[in-house]
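One structure below.
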Amino acid sequence: MGSLSIKLFGKTLRNPVMNASGTLGYGREIEPLWGVETLGAYVTKGLSLNPHHGNPTPRVWEEQRGLINSIGLQNVGVDRFFDQYFPLFQEKKTPIIVNFFGFTEEEYIACAEKIRPHRLIIALEMNLSCPNVKQGGISFGKDPDLVHDIVMAVKRVTKIPVIAKLTPEVKNLKEIAQGAYEAGVDGFTLLNTIPAMVVDVEKRTIPIRGGLSGPALKPVALKAVYEISTSFPVPVIGAGGIMDHTDALSFLLAGAKALQVGTATFIDPYTIPKIVKGLEEYLKRCRCPSIGAIVGAARG
Amino acid sequence: MHRLFAYASVVDQREISRAMNDIEGKITTNDEVAPGYYLLKVKLSRPMDPFVPGQFVMIRVPDRDVFLRRPFSIYDYHRPVLSLLYKVVGKGTEILSKTGKNEKVSVLCPLGKGFYLQKRQEYVILSGGIGIAGVHALIRRLGTRSSVFFGCAAKKELALIKEIDTLPVSVSTLDGSYGFHGTVVDLLSEHLTTLREKDIEIFACGPAAMLKALRRILEKDKTPCQVLLEERMACGLGLCFGCVTKTVDEAEPYKRVCKEGPVFDLWEVCL
Amino acid sequence: MGSLSIKLFGKTLRNPVMNASGTLGYGREIEPLWGVETLGAYVTKGLSLNPHHGNPTPRVWEEQRGLINSIGLQNVGVDRFFDQYFPLFQEKKTPIIVNFFGFTEEEYIACAEKIRPHRLIIALEMNLSCPNVKQGGISFGKDPDLVHDIVMAVKRVTKIPVIAKLTPEVKNLKEIAQGAYEAGVDGFTLLNTIPAMVVDVEKRTIPIRGGLSGPALKPVALKAVYEISTSFPVPVIGAGGIMDHTDALSFLLAGAKALQVGTATFIDPYTIPKIVKGLEEYLKRCRCPSIGAIVGAARG
Amino acid sequence: MHRLFAYASVVDQREISRAMNDIEGKITTNDEVAPGYYLLKVKLSRPMDPFVPGQFVMIRVPDRDVFLRRPFSIYDYHRPVLSLLYKVVGKGTEILSKTGKNEKVSVLCPLGKGFYLQKRQEYVILSGGIGIAGVHALIRRLGTRSSVFFGCAAKKELALIKEIDTLPVSVSTLDGSYGFHGTVVDLLSEHLTTLREKDIEIFACGPAAMLKALRRILEKDKTPCQVLLEERMACGLGLCFGCVTKTVDEAEPYKRVCKEGPVFDLWEVCL
């Protein structure tokens, strides 16, 4: 039987399937159903230097084959995460990727500084979709120079590999990635949600403005994964509308080395273990020695 | 009391939430019991773990037009049949109301934190409209130990309390077509002086306006009161932080209705 | 009964419903089913100075609640359009919007120059998603300065009102719109398709890379319409995943003055007449005197 | 001939395409006639306009998982019943094969340009596999005026020509389990010298490889030949330009299969 294990940033993960940040709570909420050790790695909810309260409701809205969320980055802050929630991953020896964000460059730096290297922390994932309050609220991830500078600044204060998680709402994704790459980024996660909005026709209101996730995003994310994985020699982690192991294969074939599953978990909380199983069976069926062998195979 | 609420009082809440499961079920009945209200019975393929009244389920409507699951209170459960009472308010409930017998559904259950029972001299249960669904299991378990108040728009909605007609229920209707003419909170306030002579606790479920009015009449005495809140949900499991309600906790004001709730202490939430 | 008619660029249209460019052929293809005079205005297939052959197949691919196309702008050229296909619209007195494109600034200008004012031509719609071959193939619509210059150049050679049709794949839509606005643009069409890709998991190939349209695009397009219509005092035409009259109302309530229906026509070729009827009934039901009265009503 | 092909020969093609309609229908049968092949019969709620063999329909599979309609040749039509023969190859046909009796479907029909008949001494009809669906109506109309060649993978697919078993059909199988052992083009080429003694025209429908092989054997003499092509379609109406095939027309090489086709002169397309 083929092996699902992959090497990422020099560490071995049992499989390439992760949750997407913000879609598996602090990890322990899923424990009544399945254990976090099922994951290749757990990606933390977006953490910040100080706790954030987040937005008022409605925070979630159903769209056709998609979800719009406006959680507003509620989180307990990086310190409390390590005090309160990290022990579960230590106990279960589950690698984690720490997703984090800031509203200023200083916040990113200070947050990254607080995260001490640990054998279970395989990377820091920088959520670059955050508004930069010092630059009129446009998000960091939209400008190649801003991306370059912030990645560089974070790389300077940490020894942990750094992943840039990019937003699709940019002029030229490759240019953004180039900015991060030149600053020494170790990998990319593609994609974050797309800005979207809902109109309630009955009430004539706009109940929510937020980020669109789910299957609607998939073909856009696939293109991003293809484009960036063919252009830069660092690993790409794919995310966006992965609902089953066939979707997962699409991302791997397009060039993703690992995957993140978000919205699907809300509909079927067993999606992640099912994808792991589906990939195992696929390797067996194709007599493929390892999942790494199919990464990028559709790119010809 | 202990016998009735073994899970809420003896078992720690974390343990209860450990007992959730995603269970396949088959619809056995799905009847309109009052105009726009349906009673859905689902035969589960394996038994649901013990539940506390006030807990809920996330049900997957068997139609691709509905993307997310929908939350509904556990109306009743007699192994292996789970009952839900729901009101048609939008796309999901509309489609659910048209779903036929024998359709398969997935039910994630039991979820959230139900009503917590301390020893009291008397319990008062208050519900408005479809809010009855959230307290029905509680009414059934408490039997004659509670006073039940139910408010609705008009007489035709009385069908919603038909299943508890062995118990005395004080009814109000907005149009005066049955019982007290007015809101259920107005009705309760008429009895409040008498009730307050005892050591009571109130359990309430209903529209936001009802809960706000209730809060106003209890404000002075801060009568113990638990409320079952509703919010749009994506996961129902505490994963997404989509379903929050604001509380008085300044450090972390937004609590998840699906995880820290849906039952909250009235005095800890900001309605 | 309320009136569906609207005023756009000083002309009166019988209703606010148009086809989206490239989704109703040259107009006459739909005639066996319903007449083009049903439309508020017919939007031409994208036209260019010289004919274009377009891309090899596959050109269309089904996605979840969406379509990916890579037609490659096949068209007979602006001259032949007016010789061969325009007479139908003259005969039926149907207003038209001429969608056009180029791969260089010169092509845009030369094409616009060829289109002589005519009482039935209510506007020129510039498709700004085209790659600019002189600037490394990045599309015109992604850079505010490029947009400014090209709109200005086109405005200089034509008296016909000019609409900028924008692509969602930009850093900051408002900045792009600002470029067009400062150059004197008369209106906006939002949105064009989003770049996307498909992986064939069985064959391990990438069968198509193209633009995503349909319902998946709707929440993204709604946000764009809201954002631009609240920021600029020129009409916005909404497009993206409109499948029925409720979707149409969402766009109107978000601030669109008129609508374009594309992909939906492929699934139900009667979508446009059905939307017109649905809007008529809506006005009646709401006792609303005119469709113009609800434009932007959800914006509060 | 005129009687048989009133529409193709008398009425101008533009007029024919004017006669298309979107018609509601109800599935009456949907049976697996050979492994992986289904015969679908749809009772239309109103009559389809006269059609020419080779024309097709766009059918809406009644399932939200399928976004676009799917094109299928008109296999047969006896007012008010439309028959389609299809092979399960992907998601749409898979779901269609599981669609039950009495389900409602919309059928946009008849579409495209069918086979065009000039007076000839003899007609030769060639099809491979599911390609039979595209020429079946033609075979039925031409009766004994044509020679029919049919190729398939193995004997079990012979069920596909059961409905024309009153006519002589020359059969080839790739595995030699029935008839000629080889491809249908190899089989045809064995008869070609005899056939060429007459003024013939060939009508063909089948996989790309078959059409290419056919082209090779006809190349020298440029025997008149019409081919029915398939392409992925979005609209089927000529609206999207999604379904093109390359032709020798240098000014406008890409022609729409749904509009200028699906039947093309073999010598005008670039296979």
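Things to note:
Read from first to last, the chains carry the letters A, B, C and D; within each, the first residue is number 1.
Operating definition for what follows: a residue touches a chain if its C-beta (ideal position, glycine included) is under 8 Å from a C-beta of that chain, and two chains touch if they have at least 3 such contacts.
Keep in mind that this is a model prediction, so the values were computed, not measured.
Any chain that touches subunit B and also touches subunit D would be listed here, but there is none.
Shared contact partners of subunit A and subunit D, listed by label: B, C.
Farthest from subunit A in terms of Cα centroid separation is D. Taking each chain's centre as the average of its CA atoms, subunit A and subunit C sit 34 Å apart. Look at where the CA atoms of subunit B average out and do the same for subunit C: the two points lie 48 Å apart. Subunit B has its Cα centroid 36 Å from the Cα centroid of subunit A.
Residue positions 65 of subunit D are each in touch with at least two other chains. Listed for subunit C are residues 63-66, each touching two or more other chains. Taken as a graph of touching chains, this assembly is arranged as a ring, one closed cycle with exactly two partners per chain. All chain pairs in contact, by the document's touch criterion: A-B, A-C, B-D, C-D. Note for the complex: subunit D touches subunit C at residues 17-22, 60, 65-69, 92, 106, 108, 231-235, 237-246, 251-254, 259.
In the complex of the two chains, the subunit A residues touching subunit B come out as 22-25, 29-33, 45, 51, 53-54, 56-67, 69, 71, 74, 76, 214, 263, 265-270.
Subunit B meets subunit D in the complex at residues 63-65. Remark: subunit A residues 63-66, 68, 138, 142-143, 168-172, 194-201, 204-206, 209, 212, 215-220, 222-223, 226, 241, 246, 249-251, 253-254, 294, 297-300 touch subunit C in the complex.
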